[in-house]
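Some structures to go through are shown next.
Each of the next two complexes has subunit A plus one more chain, namely subunit B in the first and subunit C in the second.
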Partner chain A sequence: MSYRALVSTLTAAAFIALWELLPRAGAVDPRFTSQPSRVIAAGWEIIRTGNFRHDVAVSLAEFAIGFSLAIAIGVPLGLLLGRFTPLRYLLDPPIMAIYATPHLALLPIIVVWLGIGMQSKIAVAFAGAVIPILVNTMAGVRGVERSWILAARSFCARGWDVFLKVILPGSLAGVILGIRLGLSRAVLGVVVGEMYQSQAGLGNEVMRYGSEFRTDYLLFDVLLISGFALAATSAVRVLGEKLWTFGK
Partner chain B sequence: MDAEGTTTDSALAGRKLSATALSRPVVEPAAHLRLENLTIAYDKPKGAGKLIAVSEANLEIPRGTFVTIVGPSGCGKSSLLLSIAGLVKPASGVVKVDGKPVTGPGRDRAVVFQDFALMPWRTVIDNVRFGLELQRQRTLSADDITARARRFVELVGLKGFEHYHPHQLSGGMRQRVGIARALAVDPDILLLDEPFGSLDAQTRDEMGSELIAIWEQNRKTALFVTHSIDEAIFLADRIVVMDANPGRITEIVSVDLPRPRTVETMDSKEFIEYRRHIRESLK
Partner chain C sequence: MKSAQVVLGVLSFVVILLTWEAAVRWGWVNPFFVSQPSAIAASLNRAARSGELSHNIAVSFREFAIGYGLSVVVGILAGALAGRIRTVEYAFDPFLWFLYSAPLIAFYPIFVLWFGLGVPTVIALTFLLSVPQIAANTLNGIHNVNPGLIRAARSFGATERDLLWKVVLPASLPTVIAGLRLGVGRALMGVVVGELFGATAGLGYSISYYGALLKTTDMIASLVVVIVLGVLCTQGLSALEARFDAWRTSE
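Then we have the complex of A and B:
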């Protein structure tokens, strides 16, 4: 094990041990902090009973649809804006304005428009993810060096070949970065959207457990969500590295 | 053909040729590459008019000649080369290859770039495949392309480095990849734009010797832009001397040093005389 991995593992183990032991020693109140053992017990309870599966399915669907839409629109639009300067000049100010806007603050209006069902969460997840994907794809395209394009042209490449062989693989790092950043914003959008107004989903559960002061249950759902976001982000990174070296 | 040769002779005579160039009998074989009144201009920023990079350049290069272009920064030597590559459109005048005007990049010409212009996501072998993929995808199978790329990787001395990425290589090795990539498509004319400009002096000399050794094998027409006088003489059959403001050809010098050339060539009396001459010419 590398030195770095060793230190990280030890830190995590120490944290979990303290979390478990401090409430047992009576140093802190487990009603506020919970404990690993209680969270695991609560998780077992949640999985066996209630609407857990349905909630997970709803949240996952909202995330998958909103995030896919964000990629499907953000990446091509980013490539386009990166390549065509006048279009970028035209759309850069509104995009930056939207980037700076706390889109979650628009939830009340979005719910009025789209209702409290899945649509409003899909919209929030999309709105959160599409901008970082767009902006980073654009930056990726602008990182494509002129000399690479010149080299391709010197070998008689035209439009489509230049795009496939140079611009796309050349901007891939930016695209992947945008997708990684967009992913966590899509997760956040779904959860907060569900916490605000919803009939189902993990955010809905979190809100309910919170109001019932069931810390153990609430923490299980939160850890589940962050575990998912972490795994998905790592998957995107690994996929990006594979694609990058394969890019030709 | 004869008529064409005659016009060229008079055109060349019209430009002040050095004694060295004139000392050779001026019986030119049909030109492989010809520049006729080539003028290249760029737009100045903020609409401040045009910048003349190259003004009224005339040049004639027989097949199989190694030509170096030497001159100060801003004399338009790179612009000249890129317009022969078909990557820069001239404002007026024409570039002809085998008598046919150049309208854009073509399979008969390949470029080696100053900053290497390698794709960082491609390995050495895949960078050498790059030009082949673009030009031969229809005629060669993927395996044939790889086999051909491998041959040229070996030719430039990078056997064993096939699967390295450019960022893992030294500057000299990167430019070997650039040279292999250009040679792999089997061009008639090799265009090199200050290929060793960013290398240290020692690597530069080594690369020059190796390039000329590779060139000796099949003697393709080659144009090599440099700002190093020694490099220009060492490699060349002919040196095109350019000056700036506006960029123009001021002299064409034939180099009668025996081939194959080695490091010792650079210490010969003749070499030193050429060096003195070019330095004078550049003043």
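Then we have the complex of A and C:
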């Protein structure tokens, strides 16, 4: 084991140990901090009973639809804006204004438009994810070396060939980066949307456990969501690296 | 910036505002849902006159200043420490990684249990959201200082202090400021979301309050203020970043 891995593992283990032992020693109140053992017990309880499966299904569906829509619209639009400069100049200022805005501030108005059901969470996840996907795809296209395009042209590549064989692979890194950033914003959008106003979903559970002062249950759900976000982000990263080497 | 870029950029805002206003006036869309620019301007004017706007901005700004200020101090110190000492970096690694990628707002109910509903919770959320970004960028900035520059300074007899002030700091500053800029976005998110969930004043609170009353115009007016403040902060720090990065392009 490298020195790096050793130190990281040790500090993480120390944190978990302290988290377990301090409440046991009576130094902190476990009602406020919970404990690893309690969180695991709560998780077992949550999985076996209640609406857990339904809530997970609702949250996953909202995430999947919102995020897929964001990719389906963000990537093509980004490619388009990256290629056509006047269009980019026209749309860049509003896109940047939205990028600088905390997208979750849109929650209340989206709830007014779409209600408290799944649609509003899909919309928030979409709104959060589409902008980074769009912006990074655009940056990826603009980062493609002009000389590559000229070289392809001088070997008689037509517009479509240039697009498919030069611009698309050349901008892949930007697209993947955008998708990765968008993914965490989509997860956040779904969870916070559910925490704000909803009838089901993991965010709804989190808020309910919070108001019932059930820290153990709350933490299990929060850690589950974090685990999902970490796993999905890592998956996109690995996939991106695979595609990258394949493209070369 | 090219003049075509400026003209087209301004044009797009004008077109959006005019289409929006016209679509409502001619009855294509229901103003209940989308409101209209003239009504929003009137609402902003009213809020500015009554003092409501400045009060809300002051409350949000105070939360922002405390939360973000704390995370600048803690983030830069932690990042610098990790950047100079290997073991500290490895020790911070798992925590930084978790804080950086987990949906932290989901911890909001826990903060409410710890700090109570209201200002302290909003500040805690603001701090927690912005600190990982600032720490990570400071760490990267220090790591990416060109070792050639450090060797050159050493061979001309620079002390550790000279090295810090004259080489490491100027060379890492642009990355650190980029972290501060990204941190502003995340801190704003913390303030607004914290206020959406539980507050008695502030911009996020007024968005949520008018939303609950279905007063779309007043809600969008507050949203516009948030957007403008977000753009101003980000642009300001971008300018600062360019200013401190100027030496790099002139070498």
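Criterion: the second predicted complex is superposed on the first by the 247 of 248 C-alpha atoms of A that agree within 3 Å, B and C clash if a C-alpha of one lies under 4 Å from a C-alpha of the other, contacts with A are read in each partner's own complex, and residues count from 1 in each chain.
What we mean here is this: a contact is a pair of C-beta atoms (placed from the backbone, for glycine too) under 8 Å apart; a residue touches a chain by one contact, two chains touch by 3 or more.
In this text, all values refer to a predicted model and were calculated from it rather than measured experimentally.
In the superposition on chain A, A:Asp161 makes contact with subunit B only, while subunit C stays out of contact range. When both complexes are overlaid on chain A, the residue A:Ala152 reaches subunit B alone and has no touch with subunit C. Judged by the touch definition given at the top, the superposed model places A:Leu106 against subunit C, while subunit B stays out of reach. Between subunit B and subunit C, it is C that contacts the larger number of residues in subunit A.
In the superposition on chain A, A:Val222 makes contact with subunit C only, not with subunit B.
Residues 85-87, 105-107, 109-111, 113, 115-119, 121-123, 126, 129-131, 133-135, 165, 185 of subunit B are the ones that touch subunit A when the two sit in their complex. Put simply, subunit C touches subunit A in their complex at residues 2, 4-5, 8-13, 16, 33, 86-87, 90-95, 98, 101-103, 105-110, 112-114, 185, 188-189, 192-193, 196-197, 204, 207-208, 210-212, 214, 216, 219-220, 223, 226-227, 230-231, 233-235.
By the touch criterion stated above, subunit A contacts subunit B in their complex at residues 145, 147-148, 150-157, 161, 165-166, 169-170, 172, 244-245, 247-248.
Residues of subunit A touching subunit C in their complex: 3-4, 6-8, 10-12, 15, 32, 86, 89-94, 96-98, 100-109, 111-113, 184, 187-188, 191-192, 195-196, 203, 206-207, 209-211, 213, 215, 218-219, 221-222, 225-226, 229-230, 233.
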